[in-house]
Amino acid sequence: MGIRILITGGTFDKEYNELTGELFFKDTHLSEMLILGRCRVKVDVRTLMMIDSLDMTDEDRVMIADHCNKSNEKKIIITHGTDTMADTAKFLAARIKDKTVVLTGAMIPYKFGSSDGLFNLGSAMAFVQSLQPGVYVAMNGKCFNWDNVRKNKKTGEFEEVDGR
Amino acid sequence: MGIRILITGGTFDKEYNELTGELFFKDTHLSEMLILGRCRVKVDVRTLMMIDSLDMTDEDRVMIADHCNKSNEKKIIITHGTDTMADTAKFLAARIKDKTVVLTGAMIPYKFGSSDGLFNLGSAMAFVQSLQPGVYVAMNGKCFNWDNVRKNKKTGEFEEVDGR
Amino acid sequence: MGIRILITGGTFDKEYNELTGELFFKDTHLSEMLILGRCRVKVDVRTLMMIDSLDMTDEDRVMIADHCNKSNEKKIIITHGTDTMADTAKFLAARIKDKTVVLTGAMIPYKFGSSDGLFNLGSAMAFVQSLQPGVYVAMNGKCFNWDNVRKNKKTGEFEEVDGR
Amino acid sequence: MGIRILITGGTFDKEYNELTGELFFKDTHLSEMLILGRCRVKVDVRTLMMIDSLDMTDEDRVMIADHCNKSNEKKIIITHGTDTMADTAKFLAARIKDKTVVLTGAMIPYKFGSSDGLFNLGSAMAFVQSLQPGVYVAMNGKCFNWDNVRKNKKTGEFEEVDGR
């Protein structure tokens, strides 16, 4: 049984439009990244949406949860913008049982050369294979449980919630 | 308690000498890669040697085993050339107990832009945190036990040994 | 006598702010690019401003013209945003005599990996050494006279003005 | 009338064979580089050979001279290994009249990310369009006449011959 990878957009997949000077979404770079990483794990990649995570609605999250629940695979990676990644993790944890779900993303677009995306994808791929069922966030080389993670807006890093 | 990272060389850290046109070792790029990956796991990086793994002797492997055994950390990543990575894994498994040791490397030098190294480092970082004590090889997005792994010289990929 | 290089900003030098997801200016990458190109021409690099060329005013252009006229060097490269590069060329042509001035820029930021900036800088460096006094735009591997160039907004390419 | 580009190999086009760990030639990256540079000059690219310039024989040089002489284009760029680039320039200068021929190359393979190749190609493209008929070497941001250039083996840089 392989791994299901669900694409939702986020910085990970943003590109630079040289005519307008703006960032935009075209296609996901996930398959290209797996080839670069010479990944030989069996995967099934599906693009659910290509959006900035600040624009993600609860309807979007319901759709993601549905896809996770209907997926044959027990192990699922979700690429996601970092701004609401922790929110989506909480949302999914309330709706998904008996599956290992790992959300990951990037601070810099993969196409910009200096991205953390390939490192994060490598760690997400490893955590999803190793961990017990549950919903996790894989960022900064760490794995966080859904109920103990937030993005520090000042540093751009993920951290455990204070007091735990 | 953080993670000990031991550098031994391998393709991972090779560079191009523009005066001679040959590949050579200078310094490790490990710290640069962890910064690129925005890794916030506590690590202690030590360079033990900078050699092609085809040149690694059993004396070298004894030194690596000694470092692992004397390390305070219970979790250890070893960067290593791919040609004899499986041999070193077997060698270490016979000498190290109660520690999680993950060997990883790259097919393309990190400095060459199209390297699998960052992906592999991300996965090694995740596996070493998740897995029970033992000696493992993390390549191609997979984790192999020391007693069931070999490099396929034709494809350049790691695989389980036939018949298992 | 070397070459004076004046920095004004433009896409060339834009960077990605990973905390806000916006593009911004920090320092110029010009010196880094000359090192990458192993350029051994004597240059003197000065940053005049770091702005989007759509924000460039005639006061800014007066300052650029003054710098060109006061410069000891007879050969000057100006890095500039592409949107108003042709306008600035015309402005400078009316104010600078007896110097070879070459404006260049990029469609993609240098830091984004897939930039045309290094190619353009190489061609600007060559044109400024080869051409007679005058004001030129070096983009798309071509050199345009100040009075016969415009940016085609649809294609993002520079072209001669129709009818010539 | 466009520009003829003749490919002969050299560091420019070397790639890394991840199975053997050796450098080798496959296809030229010239067209890919012109696309990256958004070059809109009309060019006709021909691969004559893909060899290390230390392996280039006088028979090879005769073939290159023949191609230059038979080419309809008056302006020709030749990509070439750096070790014998100055020798080939001298050889061609004795056999080609009334054409502008610019030899260029790279110290680092284009595919290795940190290459000077794109900068050199940009400068060669500009020099070939600007200069009078003759044979030149375009390296290090400079243009050298065929009778006053050599590669300094210690620094890897091109320089004028002493005493001139």
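Order of writing sets the labels: A, B, C and D. Residues in every chain begin at 1.
Note that a contact is a pair of C-beta atoms (placed from the backbone, for glycine too) under 8 Å apart; a residue touches a chain by one contact, two chains touch by 3 or more.
This structure is a prediction, so every number in the text was calculated from the model and none was measured.
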item	value
Joint neighbours of chain D and chain B, given as chain labels	none
Most widely separated chain from chain B, with each centre as the mean of CA atoms	C
Gap in Å, rounded to a whole number, between the CA centres of chain B and chain A	26
Centroid distance [mean C-alpha coordinates] between chain D and chain A, Å	45
Per-residue overlap in chain D, given as positions that touch at least 2 other chains	107, 114, 156
Touching pairs among all chains present in the structure	A-B, A-C, B-D, C-D
Residue ranges of chain C touching chain D (in the complex, touch as defined)	33-34, 36-41, 107, 114-116, 118-127, 129-131, 138-143, 156-157
Residue ranges of chain D in contact with chain B within the complex	11, 16, 18-19, 21, 23, 52, 107-109, 111-114, 153-154, 156
